[in-house]
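Given below, in the form of structure tokens, are the structures.
In the two assemblies presented below, chain A is common to both, partnered first by chain B and then by chain C.
What follows is the complex of A and B.
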């Protein structure tokens, strides 16, 4: 009898422990995987992989906003953000350039060539150390040169960036912006390759063994026109008052593939694109889906296997999506799409996506130059944008040469366009210049922002090994909140259907300009010894001669032909 | 009198005319031979722009000029833009006028000095010739038209010299303090200025007393200027941004001096050592020259100005214009110089080739940095030879005056 009581209580205890355990061990974690495939207007094919992990944050006072238990959420990332007091983190590796005029706006906003890292960090005394340590840690984690984002490349944008977490907390929930500071760094000259993808895949619960991540074949993924791999970590609110917060980890891979390049036709299948099919869904995922954006009605095509059609909920978003739920699938999924056409004809008209920008260098020679950014507003309304540009210290900007003008409308004064401005001058070898402006673009206009700079003469040790290649200068970033229909190229549809629309405000866009290559004057790298010798010779000549003149006295040579004459020195 | 007015007017009008030729004025304003990072008018404009738009101008790597210039040009910028050329032309012409006064005073003082037999009865150099030599020196004109702010340093030095010759210790020290405040190096001109007042002032003080009084004036004026600057800018940031740049050479933009390429090419671990050596080297000549030429302190000022123009960290042709303008004040020593032809050729050679080699390196890409470096070396060699030559000439002439019996005999140095 007694024995049974003990055993009964033991069972109760065990059950209790087990339930608590399962709660702690992250049963509350959730994981979702999605793949969006969208044919683009110029025959290319956009594939966008998105993996979302949600985990509840500790709400107790002393561990506010910290993670203590790991289930599906990768511990490597959790520890990094805990240790460095990071509230929100965005890291993007991009290869190639997103063609806004041909492809519209990207699904994931960060699209600047190279590596872009920005983080909202809790503002305490150690923030600088934390940021340095964060870049170094991430550098090790992703096998990238992120450690080169040092003080000379780090900037603190004031106007352009907002915390993106908790359904765009900045707009809904201002207090989330308090006590945090933004750090932004960009490495334009960074090649992205498999060594970055491998650690990225390891963060996924199913790695690349199951689910749509199985398609991520590095051999095919990097043979593309554009490739971007990102990791976003942001807190999201679960209610309006934001009493319960979850931490969300969004991992994305965006590629633009070109089926037309090989065959002249737009036909594609998963095996032709990735050499693989999708074997099954990832068992821990709550949702696992593949979506294909269907072309407009007038075009005729076949898509197999059979699909479910979803229509966009939004009024102006009537395009249809083919939807595959992998959890219901019984056999490996190999999508195939064929078009009823002999060969693909390129469209004559480029897209007019609304707001695009191009940046280029002006001037010639190694002494000075200028940067001009042309911002195209193709909307019929005037549009307010935030302009952000961080220029490295070795290009010395002259703010008094800044000109903002509307091409063709010289009568519009600079004051009517520039609504607000923030400028931080550079400090040699320690800080970049940051130029931010709020601009009001007139409808259907081209606004030119131009500024002059001097090129700095660097010490010979400060040049890269390939000194004559030049230095890469990061892109200018234009962010704007546009009417929703402007941004319906890809992102909107995806977000409208996807359950978690809170990663970005639907109508916010970011436009990245080209990165630039500025050639700086180079010294002769073989000369150090010669220069030291020659310069010191001139100095010694002066010092020696003057010293001699000052300390020696003149004397008359009394009688010629005597002993003194042979000893005469000059 | 008519001649003097003519020279000044012509110089003034010539400058204004050149200011009105944008091709010349704009080109000169960007030439590395003429403007340096610490005297560039473009950077002054940038600093002023930042200052007027409440961005701290010294919190950045672009503006390295003292707050006094900021305030001065802030005041000028409220006037029409044509005032700036007039200010520059007027200041330069005024320097020319001051040179005549200095020459008059020097000749008045040196009347009592013994001279050579051959010089007896001969007139000294006409003070207006000295002014004309300064005002129509192409280096002076180029420097002025480029709106280089070295002009204000030169003005302060010349004013200080003029006041010292008049025996006005306070004024002299105030102006030399301003010159030191503007570009740091003129601080080494303070001892010869003290010597001038000590030697020739009407109210004679003992040397110790004179040094004490002068040093007090100098230090207190300098302190006042620095404190006023602090009040104007609201922080001490300007100290590092102006004098830090001059002394630590943070900006390696080429100029005609010897620092830039040396420190571009310098190995990092020896950088500080050579920086200290080079900067000390520029200053060490003040004491020995003052001792050796204690009878001729004006000459010490000239030689030290020359040393500044060679060995300062950011020299420009404006520095050379100053000492070349002052040299004719001691015109009597020219007959003892030995390398006139060589030096003239070195100057012409570098003046011709510097722009060409710069173009080859920076624009054409068919030359490299060594080309321009070589030509700055030639230019500095010319200046070094010139300084050595005038020092020799001064000593040799003094020797001949002291030893008239040695005339015609061979004289050696040992």
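What follows is the complex of A and C.
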């Protein structure tokens, strides 16, 4: 094995030279693809595919940054965001639940089960129409039920979901943060499968024909513990003064595979994981690389073929990465990693990420319920977080029952924890409740946020076809800016390399809780017909007898020696 | 109910005393129940009926039968005869009789065109006016002169300048016809005689109008069989006020070749003038994309040749399957306007050169083909000597030949017919020349023909849509028809009326505007989302739900009536027998 130590900055320099190549199609655009493979502590294997397309926006012209001639940037996406005046858009399809305790924080931030869509849009008179049209268009584009994100599921977070990325134009260009509004929608009960992946792949310049995207085999990709597919569009600044703006499209696929499940060993190769190898790099890409996060002990594993090693720059968090440049590869790449161990032993001690949260349903019966979110702060410092929860209108929250307390420290009053709060009450059948809070979590503590609600008796047409299953309620989302060393995942190093920027001392994280299943009182759906039938029968019986009585002739039958007695004859 | 009970009791008391009274009462009771039912039925009917706005069915029917308004496509020809004084005196033995010539030309034109036309669903009135014209020194300037006055001239009004051939005649043909870029032509006759004037003018007019009339007639008379056999009609895109035009550069294998093009500049240079000219009919939005790994859905065949280089080819039968629409990302996600696609396809190195064979098995020179109502495709093979970088970049100049093909294809797709082809029958007897073509790739005469065609098409289509709407509303009695549907239908009918009237006044631009409004309104009404909301609750379900009430209630009531009738008849018989 040959170890070559080159610094990340060198690669950054190389790629920067490559990107300054002029294009005829009017604008400079570039495409990069990266694959990160990282063994997780519990023997699972994280694979993270990231495809970045950058296109220059000419904001100077009357076009106002609108594109009509596309090169590497997908036309479908460009048209969608132009047509709906979208400035920034994040769409994530997730299946399964990210295990924060075992896996740390994900590379891709959005990780709530189901489909999540949030967008910063120009706040003109048509914004509501645009949002509705956007959900419908994306629904068609990705073969998903996004059109069900209607008014009753759409919220406007005030504290969470700020524009992403430190070089996002929002933070640098005054024009970009004037008159924009946020819309957020989440569909927890959405199954993600091949039909969503196929249109997603078609957006890539090389589709799945070349490059690392060739590995995206739907048969294998969905046979995993966790799978998340996302598309992020954001405007970014290319310099400090933000004179050059580009539109950045990031497409990611994250999946957590389990090699231990089949063999009991952690060994893997690309063919065993995906049934394929990487045939070549994508010819239009400017960078095409595979990175494998190396375990701390050098002796415990073998990785082939030979690789270069990159080391993260930060002292306290040195992690080695094996780096493969596909552009230099001459033959198809099939990575292979074997571990020097008989069989994998599961670690007894779980990873301790800084901030984790869990959400539970409380209460009993079909009338009253409640929800509790436990937020664990395992840091030694107090930590400020943004809490976001959007609850559908059919669970009627009672704000007076909202309790924020630190478990085991009843002396700490609610005022000390809740720094800021934003609550939007629901309107029946038109908007959800939104609860947002800025919380200051004490060090090494568990903070519980609990609130009670009433379950609404829905009209019978408002129930879903599988009414007895219950209604899915989206996750609570905690966003925080934590010290960088807490974020133990490969995300930081990965981002540092791929984004060409120096690592920041602080990193932004988002923690998604579980989604909940609330069962509402469910009617017997044949009831209306039963009622009609029964009522009709009763009325008919009553009418029949009454009518008969009215038209009947009563005659006196003379019986010998007896008194007169009315008797029925017809 | 309590009172009812007491009545019954009383009745039973009385009945034993006076049976005759109860008989009347019984009948009254039955009758009153029936009165309640009979009064209740209309009320029930009224309260459960869905709202249906009254559509003007009669008016729609009169349009369907073409009784509402006679479609006319008039044209006026102003024939300018050169004044005698300046011409060769020998040619004019007697002064020309203008009305006679007018009638003669009109009759001759009608005779030449109206051979096969027996259907009278559309009329083509022809006006011929003859004016005296003082010949100017340079005839050629005349066409330029009139083109400046283009604003004044209107669609359907043509100027024909007739003059004797001043220089000695060079050709054996009877006359020389020179067509201008706008609605004018100059005919120079070899012999300045009445019969020659009449014949040449009539021939020129007839040729100019022949095809246009045939097309308009085939559209307007709505003869489906005929339209199906009409290939032109199938090629032309369905009318829409807006089309999306997408240019796609398809690269089959980017690993060997990187492609790029300057399409924005090329479109602005070569296509923009044409689009602005055609914008009176439809507007266009233009976008472009580059697709890599665009693999063909068909496998080309291989042609091996002995001395010449071998090549791959596609036969005409495989061309309809050329488009790999599942993978080529051609659909637009944001708009419902029809898309016109233009594809520049670069096959992979291992499939080059790729050619297209015609039906005779010969390679097509342009290597391009048109997909009716869809778009056009040009195949560009990779040049043999590639640059070291393996890149192929099309600049504005490189794209010119392809853009020329695309423009030609676009002309076909929006229904423009080549003037030269139209005029070709005249070549047997006349010499024809054309004013140099304008940069816009479409002449005024050609555009006029398209406008007429589109007017006819829009009128016919909106009538057909209204007809289907009326039929749908009549067929489904449960369908809710809201007021705004009626409004749309009324506006559409009104627009039809106005379009038709504008046609009669030979105001084609006005007719076009109204016909567009008619088709848009009628389709808006037809595709309105409220028109399908109640389809899933048919009458049968309603009756099934009411059945448990209606049957048990109606049985005793009907039985009572039947019995009462029998009783009455029996009694009458008894009474009869008694009197006997």
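Rule of thumb we're sticking to: the second predicted complex is superposed on the first by the 481 of 570 C-alpha atoms of A that agree within 3 Å, B and C clash if a C-alpha of one lies under 4 Å from a C-alpha of the other, contacts with A are read in each partner's own complex, and residues count from 1 in each chain.
Assume a contact is a pair of C-beta atoms (placed from the backbone, for glycine too) under 8 Å apart; a residue touches a chain by one contact, two chains touch by 3 or more.
As the structure is a prediction and not an experimental result, all values here were calculated from the model.
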State whether A:460 touches chain B only (first), chain C only (second), both chains, or neither.
first
Contacts of A:415 with chain B and chain C, given as first, second, both or neither
neither
Which of the two partners, first being chain B and second being chain C, lies in contact with A:69: first, second, both, or neither? second
Is A:393 contacted by the first partner chain B, the second partner chain C, both or neither? first
Does chain B (first) or chain C (second) touch A:531, or do both, or does neither? first
**OP:** Figure out whether A:366 sits in contact with chain B (first) or chain C (second), or with both, or with neither.
**Re:** first
Check your understanding: What is the contact status of A:207 with respect to chain B (first) and chain C (second): first, second, both, or neither?
Key -> second
* Looking at the overlay, what does A:556 touch: chain B (first), chain C (second), both, or neither? -> both
With the two structures laid over each other on chain A, which partner does A:219 touch: chain B (first), chain C (second), both, or neither? neither
Overlap of chain B and chain C contacts on chain A, residues 532, 539, 541, 543, 546, 548-550, 553-556
Seen from chain A, its contact residues with chain C in the complex are 23-26, 68-72, 74-76, 79-80, 83, 137, 140-141, 202, 205-207, 209-210, 280, 283-284, 529, 532-533, 536-537, 539-541, 543-544, 546-551, 553-556, 564, 566
In the complex, chain B touches chain A at residues 30, 32, 42, 45-46, 48-50, 53, 55, 57, 59-62, 250-254, 258, 260-268, 278, 281, 285, 288-289, 292, 310-311, 361-363, 368-370, 373, 377, 380-381, 384, 387-388, 391-392, 395-396, 399, 403, 405-406, 409-414
Listed in rising order, chain A residues that touch chain B in their complex are 364-368, 393, 396-400, 423-429, 454, 456-461, 521-524, 527-528, 531-532, 534-535, 538-539, 541-543, 545-546, 548-550, 552-558, 560, 568-570
Residue set of chain C touching chain A in the complex reads 1, 4, 8, 11-12, 15-16, 19, 22, 26, 29-30, 33, 246, 254-255, 258, 260-264, 285-290, 292-293, 295, 327, 329, 331-335, 393-395, 545-549, 551-553, 555-557, 560
